[in-house]
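First the structure, then my questions, so here it is.
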């Protein structure tokens, strides 16, 4: 599960903002009928098979409304769960259980959806040495949650954002004048702990990138035969990332070429949610 | 497009937060190779057919980085666009175009994805009097964008959040003692401009809700025959919402029953993005 | 008392902001003479007769400075209190009692003032079926506190803000072209859980509003005879709100007309505070 | 009018917060009927006689929604205005005029109310050398606005908050051991640019305060004869503040005693608003 | 140590901001190798002789990450510490100890640096009646920490900021027309609890300032003989501050002149840090 | 100069916070004597020789108070400036020039101080291939300014924070079990664009780090002969950083050993400011 530090510093403000999006003054329905504290509990149930992810975030939503809420987990992030399975019991002020339900589930369902989808794609890569990468194509203000879900689902994280990784694309190369010049400028400017990645489209660019000592070369939109030639040119002198089209056939063909990484935006921008719900709320 | 007031008050803080998520110190790649201002332009191109939505948000991302950025639109929210179509030209400091690209597209792709998917579902309802509704199952911190996209796609908005609409579910009814009591308590407590909606599961509850003068009755998970009976009981004395399962067959059967609304969480929680990209960045 | 959720999400940020308004670096007077923790207690005393309101907010001010502060209440929101009556004991670090005193009282006195004044006006309506409503004429950044105080004082809340209630005034009607058109546009645009209210000035507008199926009709600034005619036209087909001039005579005349609501801005914008103070601080 | 610096740094965040309180997603009524920009203007009219105050804040509300809004003033802060008088024309996007109206008036009415009430009290002091002071009994999150209004109304500001003025009350004195010790500790601890004020209740305390070289002595709740004796003891060696009870008779008696200041919490906590409104909105 | 109120209201937001500057997503190094909670402790050790300051802030950094962290102090703010001395034991989740270390030390080292340097300068003033003052030349967003450190080191605080102290410089005097006019305008405008300080450059200005009843006169950049003459002119009728050049010789010469204060910007803008470190982290 | 994007997203909030630290309500001195707008200008003058840095930040302070302020530069970041040299003219509302002066100079002086000191240290490395690095020992809430100043002064940036660079220290290694295990865990956990740096204290650890394929090895506190042996073991298979003690003699000895980087905390934590001031403010 996510460490406390990241929760406090990065997630809490976003979770609170999400709660304020859902409750701009008060939960009118709940306050209409429940004027006072009443202890209750409710069960978190899977309504689909998949990989659960985000249980700490789910818990945090309720704790931010009332720190006395207790969540007892019967599953942990990364577990395969199946329809009907009980994953947790949430116990606390019934009004808090009702007011926090939607926000807690919105996070949990999305994170579990990303983990589930990532897990399916990652399975396609089993038996190869290729690792699955995410991208920056995440939902605005949800990156910290979605990148974590990718990892839980068996994927790896590419750079977190524009500040902590260098990826020189055609426009950067154009501005610099050449691949070589771009890599040099980045090595001179960027903190030296950054690896330099270059996106290339032709074999000439591949050659240039290798000569410029790029740490990572991304082969963009290349045909299979061109990838093979590129791999021969690179010959282990840089890590290699291939982007897009993570289909069974495609991967079958890539397996033997020695590609290190394959990246997919769909992991975070187009995975459907995993259906989960809170059931059987009752006073205790 | 969205009005200025909502943009300033509600969207700007979220867009800025999204930009800060992507740029925690600086855009290292861009700053490595472009040390100075250079004027350039880039085209927004559709890579799939669909409904475009979020153009004002797309523009705002760049304007928040540099208010001198200019976006010339060749399409507007709600337009059907087709693969290869040019939707806009963005003109400004090349560094700003590069640094804002991902965040601008992340918003635009998601909003267009929701509008496109909503539009497909809304088509299923054509020829009936049933209106399509969204839910609160939105992505955390993206509700204002997603609810707007539903509308652009041809759907209608249910309540915005827990504070501005009353929906009494089983737990509320349980706490109150009965449907009747719950409606009474809500009418007494809630601002009188709120309609009172009750979620019911049985025909007895339907009867109670009608007698209690609920403004809206939501038939939850009812079989078709039960819905028919419920409609007869209600007999125009309340608006009726049916939730879930928005399939062709299902809708065909609902069309003649006089149901007013059908709601679908999938509109916002599981629609894939619409693929769009920035192409041909060049200095001018 | 206010529920925890609203306190955490909506009130805490405002209370903290109020405390920071009063303590921009440190409480110099207190820190000059008290360098260390010392346990003490102080009594909350009524200095006027009235309705007390805001006790949870009063307590929260101290708890936000030091969560170990304890407040023992001898009254609850809505109680009639009389001069000299002890309402609570606050126990904790004397420095916290001193530093929080003014902010805690500023909230409590204002909220109690609103509740007290509302209660007096509400009494005028006793014996009628007319309900008393507040308006959006609240003190900036204090609406959540003042609307609650209105309720505690025996009033009802009109819409909370511009986003959660529709009220079509002359300018909206002018822009739409007619009352009928305005109501139609609102029904089409607004989330369907909103009731549509129309402000009318003439009997023709009343007729139009009824025909357009407005949910609520506000009779603005009408003479008594015109109100009577309006009520006959409406004939139970919409709820009716009358605004302004909540005087004894006025109300006497309205009682028999079947008006549902009377709204008054003065409840929140012009009620004087209720005088309360902290007395007899002593170490324990 | 208020300087730009204070507006930007201190007022803008509060005004934005007030606008967000009133528009949590969008202005539904306005957006229902006005989908596009339309230029219009509206007049600010006095509906009561009084002192107008807060015109810059009024203007700023609209400018924060749309910086192209223009306000042409025909009065300035501190002017006596009379019922029916036109004070300003606001010109801009009609939607902005409608959405900002309530928040702009809520500020202007309250500030004008404080200025008007202060002006009446200040008139009672004319012909004497006694100055009128405000207190920290301001509305939470409105101090910057209300303290300014006091000044516009002819009053003077006491300390702004707990951090920028030292006022030693009975509890501080008790903690220190004596008036003398408290003043010494404050002189040693507080930044030396702070004057030291002591609140005293007996003539012995007056003597002690003078000996301790307090800069200001506040005579709390003393009878008239005691005040006279206190003034003789002080004999010009400290400034003197009297608190409370600002009535005509009271002031008449104080005039000759040489008291420097009289402070009144009512200026900010209990002044009714000044009625003002926006009239005759029309397209241009 | 700093009182709780100031910590909560003023320091917590700055400390959290500093932590977020250092951890924009997660502590990758720590999370790589420590996936779970493990209890540990680490010692705070002085690596130089000096005055320690900021221990409460040091502790707060860890508590904000995990409120269960415990710090046992063996020294307190203001203590002289010597190289190798153990000042505290920090006990808690090892991951929190690692993630918070740098931010905690950055605060503690800087505050101790300021206290140590101030203490050295203050020693030069021993035996005189001259007090040492800081200035507003503090590090942005660190004033609350640095002003406290000056006090701990034996200095006194000048005004905290532009809002809580009046200091009329040449430009203010120029705008007013004369020293006399400037003082009068300030006395009329500023809250009456502010002392009025005037910065003067000539003996004529000194005379004017005395006549205008300035509370404090700052002799700016005057030669020793001129200072002597100025002191004779002032003759106890105002407090006197001399700025700059706090050297041994300079002070020796000032001692007999009756100057009250000497201020130094270097205390906060140029003191080197005091070297401190966390040593011997181990599981327990 | 800093790019617009970083200024808007990262610097503006910190600059505004610094301004609010200095002006909690209003600039009382300025507002006392200048009630209205008056155009003026003032010169930025160097009072010491050094490297100027932070001119864009200096300008931004004034622009945030009033966007109409104009700064004409006669120098740019990185320029050597000498005492008495005029660096810029600031033109705008005199009140803004006065109110922003201190905050603008506090930033500029500190950043120029860091650049000047860094430049001196960097000069010691001339003629070698060793690059100078900063650390995370920056002033809280000033890292973005100080890291930039290091670069302007001729230094290079190490990682920006705990999230964007991996540095495995003794405690991480201890938790993992061995250098090898720690590097493996980091390679598996961290985004693959991160280089892995290991801090080592013995030659055995050096060997392990090389075998584990660490990207960067930091030799901590090693004697000169040990460093030489370490370099032989590493033999170009990793980049090498040496920390601390950047003295002339030390560097002379390191020059021939092939060390790549030397890091120094003093660049940011102990450099004195560069003295700069605003002179000759006058109306125009």
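Which chain is which? They are A, B, C, D, E and F, in the order written, and residues in each are numbered from 1.
Rule of thumb we're sticking to: a residue touches a chain if its C-beta (ideal position, glycine included) is under 8 Å from a C-beta of that chain, and two chains touch if they have at least 3 such contacts.
Quick caveat: nothing in here was measured; it's all calculated off a predicted structure.
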Legend entry - Intersection of contact partners for subunit B and subunit E: A, C, D, F
Legend entry - Chain whose average C-alpha position is farthest from subunit E's own: B
Inset, instruction - Enter the angle, 0 to 180° in steps of 5, of the rotation superposing CA atoms of subunit B on those of subunit F. - result: 120
Legend entry - Cα-centroid distance, subunit A relative to subunit F, in whole angstrom: 32
Legend entry - Inter-centroid spacing, subunit D versus subunit C (mean Cα positions, whole Å): 22
Legend entry - Averaged-CA centre spacing for the pair subunit D and subunit B, given as whole angstrom: 44
Inset, instruction - Give the residues of subunit E that touch two or more other chains, as numbers and ranges in rising order. - result: 23-27, 30-31, 99, 144, 160, 163-166, 191, 194
Legend entry - Contact set on subunit D toward subunit B in their complex: 16, 19-20, 23-27, 30-31, 64-66, 93, 95-96, 99-100
Inset, instruction - Enumerate the contact residues on subunit A facing subunit B in the complex. - result: 14-15, 17-18, 21-34, 38, 94, 98-99, 102-103, 105-107, 109-110, 113, 136-144, 161-169, 171-173, 175-176, 182, 185-186, 188-191, 194, 266, 269-270, 272-273, 281
Inset, instruction - Provide the residue numbers of subunit D that touch subunit E in the complex, in ascending order. - result: 131, 133, 156-160, 163-166, 191-195, 197, 216, 239, 261
Legend entry - Footprint of subunit C on subunit E - complex, ascending: 2-6, 8-10, 144, 147, 160, 163-164
